[in-house]
Structures are given as C-alpha cells and as structure tokens.
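Written out below as structure tokens is the structure these notes cover.
We call the chains A, B, C and D, going by the order they appear; numbering starts again at 1 in every chain.
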C-alpha cells in the first residue's frame, strides 16, 4: 500500500524586507504569530490547527524555500523516502523539530523544479488566554485584526519544465488527484488543479514556457468563510494603498478571489472563499480548452486575464 | 483492508402530503427535480453531483425509509455486506437501478435502529439546456428559485438505544471518525458529530432516553455558500409563514444554522453554512461536557436549546 | 417660498422588444408588475411605495420618454409650472391619472435636453394576498424571483449641451444639491451627483462632447440592501448569459455596483448597494479632478473605465 | 416659518468606569477618538462627518447628560429658543465651543423628561494621515479595529411620563414625523419611531409605566453597511465574552439588530443594518397593535421580547 499525503501544511518564505512582510502578513492579512525562533517568524490563521502555515525569514531576495505537506500516517514519511529514492530522486532528511513545530521530515525536488517537504509529526502550541477563542474547536479569536482569513488553503506554482512529467509525478508518485485542468492548443495539459483532499485543489500547477527560473510560486492562498469577507478585504487593501486584482469569481473552483502582493517578498497572496467540494470517489477531471480559459479564470468580476500584476512570480 | 464509505448520498423520505412536500422542497428550499418515476420524486440541489440527494413519495405518514451512502470503490458494497453478515447483521440486497440513479446496494439496520444503504454506482443525468449552468463543474444554474442551497450536507439522527453500541458501530464497522462529542453527566457519549469526509459531520447521532420510536430523524441539512444566504432564507421562510428556529451559529461545527419543518412530512431541514474542515489525520475529538452544551449548541443567535419546535422528530 | 421636489419617482421606458424587456425586468431583475394598461406595463420593486417606478411599452426603438419626480406638496406642481414658464420654458400639462397611478403632472425640457415630469398625487394599489409581504411596512414579499432589489434608487443621464446651464438649472430651478462632482481639465464641471434627498444622488448628470443625440440615459438604478446581493446578481446574470460590468465599488458615493443592459431596450440598469447618506445641511460638494476620475469611478473591482459596454447610452 | 432639525448629532454619556467604556467603544465597537479634552473623550465612527457623535466622561454612575441635534440653519438655534420659551420651557444657552466641536447651543427638557440640545455650528477636524481614508468623501479608513460601524444612527429613549404630551412635543414643536408606532390596548401610543430624515427613526420613544426614573435611555445605535457585518459583530462580542441580544431582524424598520451593553456605563448599543428609507412626503404612519408587537419587534431571529438583558435602561 502506498504512502499518502493528508494535506498541505505550510510554506517557507524568504523575504528581502522582513519588517514589511511581517506588517503585511500580521497587520494587513491578519495572521497570528505563534512564535519567533532565530529570526524566523512562524504564522498561522485563527482557524489553522498546526504550529504554523507560513514561516517568514530575512534573505537577500524573496523566494520560497519549500512547501510542506503532512502525510496520513507517521510511517509514510520514510515510506515516501524509499519510494522517491527508488525512483532515483535525491531526498534530504530533516531532523525532527529542526523546523520548529515540525517532526522528522524529508525534502526533495519535483520534476516541476519545486521543493516539497513531507512530515507527519507536528506540535499544536497552546494559545495565550487573551488570544484564545472561547470555542474549544477554534485556535484564536477571529477578527482580531486585518482581513482575518480562517485557514491556509492552497498554493499555485508555475513551471517551465516538461508538463507530462510534472503532472505524472504529482498524480502517480504523490497521489494528487486531478480535479480540473486546462488543455493547451497543442494538446498538453498546461494547468492542473489537484488535491489529496475534497478541496478542488491543494496545489495548482501551471506550465509556462518562459519563466525567469524553472520553478516559481504564483501565490499562496488563505480562505475566508464568506464572500463578503473578500469585499471587506478589498476595502482594507485599498485603504493601505496596496494594489490588487479582483474581486472576482473563478469558473474553475467556483471560488471568489482577490490577489495582493506582499510588498516585502513579492509573494502574491490570494484571498479565497466559496467554491465546491469533491466527495465523489470517481470524479472525472473537468477539462477546459484554451478557448474556455477566460471563463475558467473568471466567471465574473475583475479579470485576472492580461493583468500585468498577475504575471509576476517568485522563485520557488 | 476494510471497505470504506466515501460520502453521504441521499435520504429517502415518505410524506403524508406529497403536494405540500414538493412545494416546500422545490419552491421554498429550491431543490431541482431530476425526474419522477412511479410517483417518487427525485430531487437535488444545484451543486449536487448525484442523480438525487432526496427522494419524496406519498405515504400514510412522514418517515425516513433509509439513508444512503456511497462507498469509496465498487467492491466495497459487497465487502461491507460480508463484514456486516459476519457480525450477525441481516443485510438486504437491492438490485441495481431498482432505486433510480442508484446501482447495486445493500440495506441494513444499525444498533441505533436506523436503516442505512450502501451503494457505489450512480448515474449523473444530463440537465436540460435551460436549467444547466454555464459552468462545466456545476450541475444547475444557481439561484433559480427559493433558498437555493448548494448541496446536501449531513443528517442528524436520534436514538434511544444503547449509546456505546451505536457509536462503536459507526466508528468501527462503518469507519466514521468522531469529530466532536457531548459527554453526559453520567459519563456516556450522548451526542456525536462523525464523518468519513473532512466535514465535521456527515452524520450526527444524538442519544435520547425517551423517543416515540427508537430511531428518529432530527433533520437533514443542505449547505449554502455564505452566511448571508441564511439571512435571506429567514426572509423567505417568514414571508411563507413557515415557523423556524434560528438563525444562529453553533459552537460545535462553528456553522450558521436555521431549522424549518417540511409541512408535508414533518421532516426538519437545516440550512447550514460556514464551519470548519478537518484535514488532520490525527484529529482529537473535541469533548463537550453537559454544562457546555448551551455553548456547543449555540455560539450566538436564536438558541435551539429549549425550543419546542426543536424537539419534534420523525421515525427513521 | 420655492416649490420643492421630494424624490425621484419613475422612468418611462420605450423598448423595441417588449417581450424581452419584460423578461429582463420581471424575471432577471425581479421587479413586480403592478398592472398592465393599454399595452403599458407598470413595474416596481418589492420595497417601492408608489404605483410604479418603471413603465415599459413597445416602440420602434429603445428610448426614455421622461423621468418623473414627486413634489413635496400638492401645490408645488403648479408652482413649478409657473416658475418654469416665468423662465421661458414650455411646460406640458398632463391630466390627472392619464398616466396610471400618477395625478396631475407637468412635463418640460431641461437645458440638458432631458424631459422631466413633476407630480404629487399617486396611488398605492393593494397587493394580492399571495404576493403581499407579512410586514405592514413592505409592499411585496422579498426574494420572489431574480435579483430582487429593494427600491428604485437613481438615474444617470448624459448630455452634450452646455455644462454650466445644465447644472445651474438642476440646482437653482429644481433645487437639487450638488453632492460630489468631477471637474474637467478645462475647469468645467463634467459630472455631478445631485440630490434632493440624503442619498448622494437621485440624479447624476454627465457632460460628454459627442453624443448621438444631446440627451441620453446612461442607466437607471435599483438598490439592494447588502453588497452580497450584488455578488448574487452577478451569478444570476452570468447564468443568463447577460454581459455586465462589475462588481466593483465606486469612490464617488462609496457604493457597490454592477451594470447590465436590458436586451430589449438597450437601457442599462445599475444594481447598487451601500454608500453613504448626507444629513449635514451645509454639505460641501466633494470635488474630484480629472486625474482622480479613476478612483472616483472605481474604488476597487471591475473598473467601469474604458469598458466599451459602459459607453452605450439610449436617447432620453 | 418654523425652525427645523436636520439630524441627530451626538450623545453625551457619563460612565462609572471610563477605562472600560473607552475599551468597549474604541476597541470592541471600533469608534475612532477625535480628541480628548479635560478628561472628556470625543468619539465618532469612520463615516461620521461631525467632530464627534459620542462623548465619554467619568462620573459616579452611568447616565446620559443630553442628546444633541443639529438644526437646518444657523438661525434655527435661537428661533427654537424663542419657540420653546414661548411655550413655557426653560432653555439653557451654551456658549459656542464650550462643548468641543459644537457651536452655540441650547438645552432644554422634553415632556418625556429627556434633555435635548440643539446647535448648528460644528467643526470637522482633520484626520491624521495614517488614519485618513484614501477617499475624499470618507473620514477614516474603515475596518481599522473592532466591529467598525459606519455612522451614528439613532437613539431609543424610554419615559414614564404622559404619552400624548411626549409625542405631541416631538411632532409639533420639534418637527419629528411619526413613521411607525405601537398602539397599546388602552388606545395610547406606547412606542413611536420618529424622524426628521428619511430614516425610519432618528429617535424612538417608548412609554413604560414603571421606570426607575422618568427619563431613560434604552440604547444608542450605530449603523453597519451590510447585514453580514452584524454576524461578524456577534463573533467579536462572543469572543470578548460580552453578552448580547440578537442577531435578529425587526419588523418595524425592517433592520437587522444586535444589542450589547457597554460594561462601563451600562449603556446599551444597537448595531443596526438594512431597513428602508422614507422619501414620500405624505407617509402614513404604520400602526402596530399590541398583539402585533412580537412581529414588530422581531421579524425573525433572536427575539428581544422577554429578554431580561433587554429591560435594563440608564438614566437620561
């Protein structure tokens, strides 16, 4: 039986302006800081159940170190290691708790060029009384500051590497199911929304022929309960003089969106709400053709199509 | 390896006033009718992907025939049959397509007294052009009439049978995971929110000492994307002179609610929105004590506690 | 003491395809039909308190007959007649109830080229039991069909006539107060949001140098209680394959917007929500310069700037 | 021609725990502080256009000093003085700017026992860059903290004095129009929603036979743009362990409500959204009978009827 991934866990982000990024993610987006250790800040949303879903640290430029996923069982971490090494992939092993909050882990490159991390053990630190929700099933009080999304939702990554190999690896090695995809005019899959959960995507991978480096991050995404929260987010961003794309509603995923850049790292954040869940075990991936891309991108609203702001990505 | 349930599928409801029930579910709740065969009406929400999530037929009184669940794989249906018969449970086998839209199935009684059905094969009938969504990933146009929820969400069943046995069966035979539960003053679990999906519950089972019959249905639930849809639902129900409880927000599940009775069958429907998803593979069930029941029931809003309207149930 | 206007009343619209316009306004927008007399259909929103706020009739092309306003007192109608005739304006007198629901009225051309009507007496017809709200202060049940806005809000008219004369007449003869305005690079006022009520505008007048005819209607507007109703409207329009601009939020007025064309008459409808009210008796009109027009038009969202769809107007 | 009131202006509140009241109004409700002078704190909402809409100062108990209204013209202040003195009412004259932000004013007792203030001149202090909205027509950035309502809306006052005299004074001396009212079983008006603006009420006056003192304040109210803001407010209050009544929707006014007490002064605040506007110059006051009071109070939701928390008032 193959090892399995349970969920997207966190993203490790390096920023060229830590102070600005902390202001953006804590005050504007409204994430809570779990802790700071050795200059690395560990953040999560009020409804996240892990130690952190985003880590932030100072570097010479903005880029993604790696993207972490939690496995379904403790033994799956090393089973994945074996599986990957059997496939000729070089795997780095990370000692337990070297990353605060994260147990023993492995890291490895994907054919798309991105680095994924897999781990199982996590810590769920206690929250101080004054920030703790009155509800037993909620981590922090909601609405404490900024946009205040509920939880980490997904990542959208770009690659200029071979399409078939990239999707094949995600599906057949890592176990992601294709939920919706875009077929280019040349017949290749050029964008895929894939998940191990009933979300339409935990990861979207987009193939682009010419990128500054082969592996890029287009955005990470946090989820809000209500579509009106996206409208409130637009007010907040506008009042902070932060440019954004949206609000609008995707055809693919059916979710409301709004995209804004962290002015520190250049990393884009999507505020995301609504959409559908897939519980059917025999889901037929929804195919969109190149000509249908505009509807797939934007069911209605401020279109992401042809927006310069939408084209920038960071190394990942 | 054990067979597994993928999701809640549908509820088979008998009503003493079919015309009134059809008006309620189609015009007020806003479900779409897939088809009518031999006097049985097959309904689903605009975002449901199955043939139906509710069937309605005339009878001498309102009651639930059975509650259907879809398995994760075709072979799981007969594997479950074997498993159940090995445990001494009498299993009824239903021929494929005897229930329109549903392939080969099995039905059996639970220790709680309820009848569950398991099946894998389903049909997804084409939708007529004028009702079909412009989106490839959505069944019907949304907002065509009434409250217009997105999809079937969960069932809440009551039983006066033995608590330990009832929960044990759901967990250990059917594979439901306990997500949140209420522990009575006598130490017994008296309410459990359980799921096979990342929803907090596909099924809630409440143990009550004195019920008219051992197995009852408290409500079935349809989901709306936004909490404001629940407020709009309240307007619609009030203008139809239909009594309801809510709107309010549960502590357990963190979801917005509104409860209204089908005037035909006496079956209660919960309109439901928001709440959280559970992706952690090692989720610790949240325990609520009897004294915390009011907060668990109602985080805020029109309380379900002590409402006469909230106590009525139908046979199931 | 000068006669005064109390409020915007209704718009008389001619359409080249009555059937299509009735479908659009009744089924898509969700207006209620008060009555049909001699081929003219009288419509209003569920929260409108008049006989009608829109009349629809067949013609050879789409255009606006006139825009009706209610005066503050019965005697103001003839006082306005005197005032206008004293100013050399030709005034047409309309017999009471010649327009169903509307008492004695006067009609006259504005310097902008538009025809306004003034009346005081109105009828408020009873609503049939099954459409009547359970509330004594509400005309119809809300949410019966389509987008279902609450009430008629404002009109936006365009003119290629002299700017100074046009605004002067609205302010000094008709008593509209300037609330916000756009000053063109040449120093002229080129757009003015004006009201006799605390709404930011009952009428917006935009001056454009080259129009097909001197007096045009850009849109009429209906108001929804909540900004999420605008998002729901977008879903409904998209599913009806009706093109629209928005949703977005204006800087001027601070209101959410969405613009869609009646496919029968070519008349644009703005769905409108939120914004602010002006209760200060000494309100200083807010001045926006040409360079600030983009922010004034669109605080955020799908911009109305440079949209071809936004440039079409009909004769008025 | 009679002097006229333009709008409700502000409420002067004394609290027995200034620190707690400041925390409540600034951090929880989310009002902005314009300034503090001699221990009096001047607050307003982000969309208020005056110097302040609430003043807070320390005292030995919580009570209302007076409620301020702005007149339509400068000369109306002294014209009202004359009118009142002609009617045998003792009028106190307040020097300009004795109350920061407020010009020359008069104060006088109503038959209901409440003290009203009338003034015309106000100051509109500049807002510091970092708190100022990017919009020219908005005072502060919205959503900076807490619930963040847009503007001061109305006051609800209680009196045990003579009903006929109390309403007569508000209508015939101060010019408030009755919009909706409740007729008691004895034939008296026992509650009236009255306004000088198109709002259904700037002031609601409720007659109660037995009150601790003849003149009381039931609540002051701030307005939010969207009904979902009321749901968000409920989350925020619940997480601050502040008890409240609601959310629900009134029949009278048709507005969403939520009532919460300032823990410092005991003054109740209503968060309020939606409802209708009255532009008709010949509005027929809506009459509700005692038997219809429950529907008038609560169209749906958490009922204010029979709630102990709803019965507390403070001296005014």
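By our rule, a residue touches a chain if its C-beta (ideal position, glycine included) is under 8 Å from a C-beta of that chain, and two chains touch if they have at least 3 such contacts.
Which protein is which chain? UniProt says A, B, C, D = Catechol 2,3-dioxygenase.
Just so you know, these numbers come straight off a predicted model, no measurement behind them.
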Shared interface numbering between chain C and chain B [over half = same, under half = different]: same
Centroid spacing, where centroids are CA-atom means, of chain B and chain D in whole angstrom: 45
Cα-centroid distance, chain A relative to chain D, in whole angstrom: 46
For chain C paired with chain D, centre-to-centre distance based on mean C-alpha positions, whole Å: 32
Sites on chain D at which at least two other chains make contact: 134, 226-228, 235, 238, 299
Topology of the chain contact graph, where touching chains are joined (line, ring, star, complete, other): complete
Contact set on chain A toward chain B in their complex: 1, 6-7, 47, 49-50, 70-73, 120, 134-138, 150-151, 180, 197-198, 225-228, 251-254, 274, 276-277, 279-281, 286-288, 292, 295, 299
Complex contact set, residues of chain C against chain B: 133-134, 141-143, 145, 226, 228, 232, 235-236, 238-239, 241
Chain A-facing residues of chain C, complex: 226-228, 231, 234-235, 237-238, 244, 246-249, 256, 299-303
